[in-house]
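Sharing a structure with you now.
Chain naming follows the written order as A, B, C, D, E and F, and within any one chain the residues start at number 1.
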Amino acid sequence: MSSHEQQARTLVEALPYIQKFTGKTIVVKYGGNAMISEELRKAVMSDIILLSLVGIRVVVVHGGGPEISDMLKKLNHPSKFVDGLRYTDETTMDVVQSILCGKVNKNLVATLNRRGGKAIGLCGKDANLLEVVKKPVTKDGVDLGFVGNIVKVNVKLLQLLSADEYIPVIAPVGVDKEGQSYNINADTVASEIASALKAEKLMFLTDVDGIRMDPADPRTLISAISVSEIEELISSGVITGGMIPKVQGCVSAVVNGVNRVHILDGTIPHPIILEIFTDKGIGTMVHAG
Amino acid sequence: MSSHEQQARTLVEALPYIQKFTGKTIVVKYGGNAMISEELRKAVMSDIILLSLVGIRVVVVHGGGPEISDMLKKLNHPSKFVDGLRYTDETTMDVVQSILCGKVNKNLVATLNRRGGKAIGLCGKDANLLEVVKKPVTKDGVDLGFVGNIVKVNVKLLQLLSADEYIPVIAPVGVDKEGQSYNINADTVASEIASALKAEKLMFLTDVDGIRMDPADPRTLISAISVSEIEELISSGVITGGMIPKVQGCVSAVVNGVNRVHILDGTIPHPIILEIFTDKGIGTMVHAG
Amino acid sequence: MSSHEQQARTLVEALPYIQKFTGKTIVVKYGGNAMISEELRKAVMSDIILLSLVGIRVVVVHGGGPEISDMLKKLNHPSKFVDGLRYTDETTMDVVQSILCGKVNKNLVATLNRRGGKAIGLCGKDANLLEVVKKPVTKDGVDLGFVGNIVKVNVKLLQLLSADEYIPVIAPVGVDKEGQSYNINADTVASEIASALKAEKLMFLTDVDGIRMDPADPRTLISAISVSEIEELISSGVITGGMIPKVQGCVSAVVNGVNRVHILDGTIPHPIILEIFTDKGIGTMVHAG
Amino acid sequence: MSSHEQQARTLVEALPYIQKFTGKTIVVKYGGNAMISEELRKAVMSDIILLSLVGIRVVVVHGGGPEISDMLKKLNHPSKFVDGLRYTDETTMDVVQSILCGKVNKNLVATLNRRGGKAIGLCGKDANLLEVVKKPVTKDGVDLGFVGNIVKVNVKLLQLLSADEYIPVIAPVGVDKEGQSYNINADTVASEIASALKAEKLMFLTDVDGIRMDPADPRTLISAISVSEIEELISSGVITGGMIPKVQGCVSAVVNGVNRVHILDGTIPHPIILEIFTDKGIGTMVHAG
Amino acid sequence: MSSHEQQARTLVEALPYIQKFTGKTIVVKYGGNAMISEELRKAVMSDIILLSLVGIRVVVVHGGGPEISDMLKKLNHPSKFVDGLRYTDETTMDVVQSILCGKVNKNLVATLNRRGGKAIGLCGKDANLLEVVKKPVTKDGVDLGFVGNIVKVNVKLLQLLSADEYIPVIAPVGVDKEGQSYNINADTVASEIASALKAEKLMFLTDVDGIRMDPADPRTLISAISVSEIEELISSGVITGGMIPKVQGCVSAVVNGVNRVHILDGTIPHPIILEIFTDKGIGTMVHAG
Amino acid sequence: MSSHEQQARTLVEALPYIQKFTGKTIVVKYGGNAMISEELRKAVMSDIILLSLVGIRVVVVHGGGPEISDMLKKLNHPSKFVDGLRYTDETTMDVVQSILCGKVNKNLVATLNRRGGKAIGLCGKDANLLEVVKKPVTKDGVDLGFVGNIVKVNVKLLQLLSADEYIPVIAPVGVDKEGQSYNINADTVASEIASALKAEKLMFLTDVDGIRMDPADPRTLISAISVSEIEELISSGVITGGMIPKVQGCVSAVVNGVNRVHILDGTIPHPIILEIFTDKGIGTMVHAG
């Protein structure tokens, strides 16, 4: 097949998707390794700007674990973990907020803007975007401190900004009725925002290429799967271990009104564009069924 | 380069063009061999619909010579040519109008609509779109009959239709102040409409691949050329013969406010999309310089 | 009564109707003898333009029988009739489409535009205006060829054009899902379009002056009649013969949402204006009940 | 000529005027004998409502002399005249305002509304419509009391009301910066309001049928005359006496931007409609030249 | 408390009320002693203009008893009262309309406009604002003449004017289907207009400071009271005599959709502003429940 | 003067200012001691929300010095000052950005939102709000590191947010073309943003009560002063020392299009409201002259 034929085929395949998604909202959860490599970060930022150029409304939710630990270490403040989750005391919360909302968030924004985007850095305190309550102490007496559960998402600000082609970039910090800050899980933030926006798509950029029938064999990657099929795969033991909470997050978003949820490998170049604009995609897409 | 890399490269290249041309007007002159082959016609129609899908305003001008001759022959009416131009008497004009506006035009419209387009068939008599006067008898006494020169283009109707995502398809028949019909050259119609619409692009789908430095060598195809460079190439004898009126039509459109004029080979698949959405394109683009 | 008194009386009578019908849609079916005489055609066109001037939305549906037969004769193609209906083979359909959509339609448009109208010539293929299926072969094995039954009318285009003061002029040719053309009865087209547009009025310009209690006596013309009264007149044998399908068409349009349907004599001057703007009118008006 | 022919002719003549004047403003000065007869008042009110029905914006200015004198007489307050003009002391001004704004104005409004109009009664005090200063004492020491000269017309309120199809009916009472009321000449009010509104027409309903070349001969009525021709007729003594101030008012309005000023006989039925909607009209039309 | 502290406290208290009432409608019934004193009139007018300045839509309804009696006396026309209500014969009605609509109304308008307002004087005859029928003759044969009961309030005109920041000032004169004028009780007019406008507030400016538990003791003034509490106070004899019809008018307005009805002492300066913009207010507020 | 009289006087004085400033923009620079006391912060936040409630567009620019020094101390990073200005190395810039944009900014936002505001925290990196270049090294070789001079202010985002009643709260961190962050003087940021927005007012909340003729005597406070008068006071030695740069900042803002600039004592309660809504105000207002 000649180069022209390949180009034409790619474009003929892609253009209907562009029409389909123009004006629609896509929430991208961005974190982990995809965030660490300078080069990968550039390719992902480039994808986000391209989506925005063709009229797709993109909302980015990011994490930022390593930089928080770095700062706590510099301050000689102990990092305490309970059942694998960070215990967040007052000092830790101050550091989380400063680093996530002040450093990681605004630096991502600057990277997008330098490449032609119109990005704006927000957190859950802005316009009360993410209203939370303290995660309750468990029966076993486990208290995570300032870690919050989302009780309300106020998306009017996001809609205003998206309608004017701005790209909101959101740090996962919430606020309670007294104005107190809370740490929140970034995957949950992405999922709740996507549900509240009735997003067309929610994309998790991760370190794996999606759901595989055989985890050891990349050729068994599942391109599209329904919510009920996922439940079968969990029952039958195909999906196991750390993959279970990930896919349950996808299922929850679909159940709450997001049309499609994607798990993508954020460590290959241009993962978002390839997933959205090609028939086959590169990761796993979860749909209602 | 892997398939994913090629797809990503093509898309990263194409998306900025989509943003650039959304809401802009592109006039396509469609005729000759590209119109005869069923398969090529489908590929061209597909390109036009894809442009329309991503918000580009497309206006199509078509020709239709062979079907007119066929009908005249069936009616035993002689086809008379003067200096290579058809002499148009009253009977011929009747046939030209019936075949162009009633058969060729409406059939093109149906082909577009069947594939998902919103096409509408018009001619210069609709809303006085193309006001003409009779082409004057030459000094040598050559009188072409009902052949017209355009004196005014009324594009309000086209703008109304384009703004609502309709694709106007226009047969090259004009009207004078008395309501009399006239035959007009389709290339001229396309060029005048593109000028009146201040179109972003005017594309001639022809049987050649563009302007070549050496007509015999396809590797010498010129991708982009300015109006002044064209004049030099004519002076220096590089552009000769039948190519001269063609490129002069392009020059005239650019001078009258069309941003870019393209000469494309309509006999390769998807010529419009490849020209618009790739950096290099496949034909010759004429610009102001 | 002095001339001034007569004029004042006519105007005082007419002005409230103008207010009543401004912005409303009136569909005019135009065919038969009213279409043949040059002078009558001018008077009818003049009426249509005057309606348009005072803000009434006019849609014209035309026929064109004689010109089709003329062309078939010139091409030595036999005209075959089955039960009084034209059998439409492929060649005939080609001629019907060329003559109706290319010649008769565009010439009517030019006549309107020359007198100050803003007319546009369309057929059922434009924007899929008239979607049809082939009329089924009857139990008796009668197959009319490419003759269609309307299954859907897409009036968005007509509404767009009317809202901008254009006058759509429609040739009775439909299209099926494959893009194939079909011949359709013009009265049916007018009736279906009027229903789909929820038109205020549908006016049939015919060769008779309306429904008479005694066909031989013009003084027995019925000015206004309800659907149920028509049914009684058919039962009681007052309405007979060729008048029956005509009035049944009127009844059907009223039942399908057209407010008033009029049968008018198209061979007297200015029939439309006299019917609309005078209390008594000149023909027969059919209303719901 | 048959009745149908006459009706058709009247309508074909009238409809283009309706289009021409829809959305335009016509100011009617209404006073004198046309106001006294119950029957004539009904015919004039009917004309005003009909204009309003077809989308013409009508503004009415009225007089009311006899009712003021009646009331002053009942109150035993002397009516004093200086050079034929009423001297307006404080008591007189109170009576003028009460009768004009409270009785005559609101009764005219009720007559219009009862017949289907949407009339509203105003005077120059409402929204400071007519700002005046006291007419200065003349060199000869003549002081007319509370008689005002207009210094500013605030037409925003009239435009708001007209745009919503209300008919403003205006009593000729003005207001100065201190809130004091003043009597103003109604012809002047009509002329100033028409100028401020850039009205299409200003119509004076009077007791004469217009300007005649020979005052004694109704057949010498002038249908249309330019400002410069009027000046010639005054110079040459054709226009004399009480007619001079009348026609000078017309000239002044035309000079100040009113397109056409008409002098009509308000004592024949439907004078406004006959003047506007017939080619010949019934009175005299003054135009710029 | 320092002057700055007092000012800040007043403003901090007032600003939320401004936000709350911007764009809302407040109907003010203005009559009695508050209307007679020049100084009080100025303070009330000033309040109305200040409300209008901050975007509150004010509608004023006024009375005017003394001036009517004055004029009747000057005309030597007897004032006849039946059960304390004025018998309105034709002459009386003429005087009522002239004085209320022509004098009192337009003078109030001028006072407002001179101080920077945009007031317009209307009565129930304008745009059929107040449609009435004659109050029926009682069983005891009491006939009040041209005294009307409101049957319909047409508030579209008021809404148009208010939306454009005009202040309608309304005289309590209504009209029946024949165009006949009627005298109406001004409290009733205010209440009906407030209901029809779904006003936020209806304020009666009276000669008392509100409802008191002990009429003799100003310290027992009730700031806020519900409809049901009023009924109890009437049952238990706390509200008695002339106060009963007054508070029943308030109850009726609340029942018909007015959010709050206030009884205020119009004889202290700036009563409206103090009632609206302070927490405690100065009069009695009646609310639903 | 009774309490009612005082309240009425305050309100009558304030309401016209509300009308005057509704829809206008007021930029508040907030820093220093006014920011440290919890109680003062609440009073200032309350003022900002009240302004927003009555439709005034407020933009807040804040400082935050002490918290930056605290964090640097905790990190054992030396604070270096050159000519009284902080030298900003890479580590310091990181801390400045984290603390200003992540902690101080978002906490102010939460305080506003908890009290009913709709605040959003931004810095100069969001939507490239504040484009800067590095402050050049002086002739004496003084290099302040990452300290920036503003070259462009992009206020479209602020306008979008203000139009929808959001309160932008801005941290003084800018960005260069490479995406690098820079420290900027907060007074300068406030002044440049006010100029770019053509703000009605710029208010500096400081620790002094304004400009005094005699710095030692609070009774010599100047309520209003023109730009040229300021220059005279500097020339004549009335304004001296640290007050000079402050008032020069005011002068510069006025010269660049801000209508009024105010210097206020942020340590008295409700300073903003008292300055805006009282005739006399509490600080010094600088105007063009």
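Basically, contacts are C-beta pairs under 8 Å (C-beta built on N, C-alpha and C of every residue); 3 or more make two chains touch, one makes a residue touch a chain.
All values derive from a computational prediction rather than experimental measurement.
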Fill in the blank from the handout: Co-neighbours of chain A and chain F resolve to none
Fill in the blank from the handout: Touching chain A and chain D alike are none
Fill in the blank from the handout: B-C, C-D or A-B checked against A-F; over half of contact pairs coincide for B-C
Problem - Copies chain B and chain A - interface residue numbers shared by over half, same or different - result: same
Handout entry: Label of the chain whose CA centroid is most distant from the centroid of chain D
Key = A
Problem - Most distant chain from chain E by Cα centroid - result: B
Practice task
Mind checking the centre-to-centre distance between chain B and chain F? Centres are C-alpha means, answer in whole Å.
Solution key: 60
Problem - chain B-chain E separation of Cα centroids, rounded to whole Å - result: 73
Practice task
Let me have the rounded angstrom distance from the C-alpha centre of chain E over to the C-alpha centre of chain F, please.
Solution key: 47
Fill in the blank from the handout: Within chain F, the set of residues that touch 2 or more other chains is none
Exercise for the section: With chains as vertices and touches as edges, which is it: line, ring, star, complete or other? Expected result: ring
Problem - Ring walk, chain E to chain F and onward - result: E, F, A, B, C, D
Completion exercise
Per the touch rule, the chain F residues reaching chain E in their complex are 4-8, 10-12, 14-16, 18-19, 22, 46, 50, 53-55, 268-270, 273-274, 277-278, 282
Practice task
Sort out for me which residues of chain A touch chain F in the complex.
Solution key: 71, 74-75, 94, 97-103, 105-107, 109-111, 113-114, 118-123, 125-128, 157, 160-161, 164, 166, 173, 175, 177-179, 181
